[in-house]
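Naming follows writing order (A, B, C and D), and every chain is counted from residue 1.
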Amino acid sequence: MKQHNLKAVLGICAGLAAGAVIAIGAALPGATAQSDAESGSAIETQDISLDQAMAALAAAREKSEELGVAMNIAVVDAGANLKAFARMDGAWRGSIDISIKKARTSRLFDMPTGAIGELSQPGGPLYQIEVSNEGLITFPGGVPIEGADGVVIGAIGVSGSTVEDDHEVAVAGAEAVTGG
Amino acid sequence: MKQHNLKAVLGICAGLAAGAVIAIGAALPGATAQSDAESGSAIETQDISLDQAMAALAAAREKSEELGVAMNIAVVDAGANLKAFARMDGAWRGSIDISIKKARTSRLFDMPTGAIGELSQPGGPLYQIEVSNEGLITFPGGVPIEGADGVVIGAIGVSGSTVEDDHEVAVAGAEAVTGG
Amino acid sequence: MKQHNLKAVLGICAGLAAGAVIAIGAALPGATAQSDAESGSAIETQDISLDQAMAALAAAREKSEELGVAMNIAVVDAGANLKAFARMDGAWRGSIDISIKKARTSRLFDMPTGAIGELSQPGGPLYQIEVSNEGLITFPGGVPIEGADGVVIGAIGVSGSTVEDDHEVAVAGAEAVTGG
Amino acid sequence: MKQHNLKAVLGICAGLAAGAVIAIGAALPGATAQSDAESGSAIETQDISLDQAMAALAAAREKSEELGVAMNIAVVDAGANLKAFARMDGAWRGSIDISIKKARTSRLFDMPTGAIGELSQPGGPLYQIEVSNEGLITFPGGVPIEGADGVVIGAIGVSGSTVEDDHEVAVAGAEAVTGG
């Protein structure tokens, strides 16, 4: 049901973004947790492991080398806290913070960062959302990482090239873990 | 009367904002307080109680469940300071800060957050107001809460779904208290 | 094992105030997670539910009323993000931030806040740790909340009276959930 | 030669700090660079590579596992900017920021963090230095990393256990690179 709502939101995005294909299997732990909560027990959930995070970094780095770009790559855990990070030699220093903010932003809203950016334009429903959470980055380059059953266990953020490259590298990193 | 004051304000805004249509049912408590102040005595005022704030949370949570969405719900007092907060299971982590900022923004200006957002667009009279006050959120989801005689005693901010849902849930929370 | 470690820490805390020496080799949930990580799978864990958080708030509020004090009470989740909050009527506004920081601090290090404060004194091993994490509060009033099997699923922070009262109320709130 | 400079600094400190024993194997790159600068040419310098940073992370992680502790490990470059980071499963979330601040602090002053902490005590010559640079951490766990000829090319910061363990792990990480 929540997923349904998200699709409505993204439907708007799709209209604005002219062809951007956004796959959010979304994975919001709320639904099943709800029933647990009623019984007074804690929510059973998952979190990314360091080995998974390092695998994501390695895959993203490999993709970056393939593209011939120097990236900052950040991975956050289920709580949106930094789990692993690597800056490739020669990558922009200004992208350290951006890659971390992209990863955080993606987990904070369980969607690719670019999807938020489409909604935060002047006249859009989330205009200026970037001032929240001590700074969000809402252009492409951050994507959620999912666990075996579609639960979001973290996110990866990449910054250092064009937003298209950033997004492609982030997806490569996430895919090394998603479903694992 | 408060509504009258707001309309005066918005009349000016409308002129500046070139056609922006803003419907606000909100209010500025200044007028009556002023005369008390002139007599040298302190301002008689009202503030939201915790019981009222918890009633607003409960009503907002109930409306959220009715809509099938997972929300962050924040209530601030007359001083725009946090009074009560609840994050439903599965709700976006990024909406914690946004819901609090919506509540704060609404009380800081005694109007629904969306009304400010219409004035803060590029070319608008309040362009970039979001960078003030350590970050305002100016899209819908924050509404004032009024006491028995129309005095603003606090505000509620909701974030976690579309801005339409956010606003609807915020109104449901406020109505559980307004006039009470 | 985790529970055991935590209890060891808390045993020392119990001796509080008396310049106790605290050995933190402590309370690291990593050991069991490690083997999961080697297999490349995500870490199975738990998070506090809103119903649990509200139960903690209610128990803390009841204890506060029993003591005749007005408290700010904050609950954070497993990721140290705000889950629920209530400020009792008449409670210090300055304690809003302190209660939230206490809850955060307690989860950030999985121990009662006062235990850190003993180590951060001049000449102590963690002197000035308070400047980290955008501000820690290291005096008593924050305690971890554990799930059914001793996993830390969140924390509660209380501020508004003496640190002894704050700690007592926090413990009352945590006990309403711990083990549940 | 750099060691010589530091000893001069510390000689002064020692007088002021009344018996503080400071062991620093660190270095200031200024001396040799100075003559180059006089000729109008740029400063020849060195910076840590990502491969070196990852080697430091791996060595620190191995040492942590040997000690049975879960650490946050951060490496900064010659510009004191984050180069690589890893949080072991189960490591304290509060140590993310501390490990990064330790690495930064160590490179900002080209000495082990603990050496600064001895000077920043009440009555000491650097009292309250921790509030500078958006927060320094001045207890042990951060050490400089040197290149082939003793030039500081970065630093490593470790947090997650006792300060003794933190320091030991940081040294293990630095030694995997220093001189390399």
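To be clear about the criterion, a residue touches a chain if its C-beta (ideal position, glycine included) is under 8 Å from a C-beta of that chain, and two chains touch if they have at least 3 such contacts.
Bear in mind that the values here come from a model prediction, so they are computed numbers and not experimental data.
**Q** Can you name the chains that touch subunit A as well as subunit B?
**A** A chain counts here if it touches both subunit A and subunit B, which gives C.
**Q** Tally the contacting C-beta pairs at the C-D interface and at the B-C interface, and name the larger one.
**A** Between C-D and B-C, the larger count of C-beta pairs in contact belongs to C-D.
**Q** Just going by residue numbers, which of A-D, C-D or A-C has an interface where over half the contact pairs are the same as at A-B?
**A** Repeat of the A-B interface: C-D.
**Q** Measuring from the mean C-alpha position of subunit B to the mean C-alpha position of subunit D, what distance in angstrom results?
**A** Their C-alpha centroids are separated by 48 Å.
**Q** With chain centres defined as C-alpha means, what is the inter-centre distance between subunit B and subunit C in Å?
**A** Chain centres of subunit B and subunit C, defined by C-alpha means, are spaced 32 Å apart.
**Q** Touching at least two other chains at once: which residues of subunit C meet that condition?
**A** Residues 33, 36-37, 43, 49-50, 77, 79-81 of subunit C each touch two or more of the other chains.
**Q** What is the shape of the graph in which nodes denote protein chains and edges denote touching chain pairs (line, ring, star, complete, other)?
**A** Graph shape, chains as nodes and touching pairs as edges: none of the named types, so other.
**Q** Which chains touch which?
**A** Touch list across chains, by label: A-B, A-C, A-D, B-C, C-D.
**Q** Help me check something: in the complex, which residues belonging to subunit A touch subunit C?
**A** Per the stated touch rule, the residues are 29, 33, 36-38, 40-52, 55, 77-81, 147-148, 151, 153, 180.
**Q** Considering the complex alone, what residue numbers of subunit D touch subunit C?
**A** Checking each residue of subunit D against subunit C gives 65, 68-70, 88-95, 97-98, 101, 117, 120-122, 130-131, 135-140, 160-163, 165.
**Q** Show me the residue ranges of subunit A that touch subunit B in the complex, using the header's touch definition.
**A** Spelled out, the residues of subunit A in touch with subunit B are 1-2, 4-5, 8-9, 28-31, 33-34, 37, 43, 79-80, 105, 107-110, 122-123, 125-129, 131-134, 136.
**Q** Residues of subunit B touching subunit C in their complex?
**A** Subunit B reaches subunit C through residues 49-50, 53-54, 77, 79, 81-89, 93, 96.
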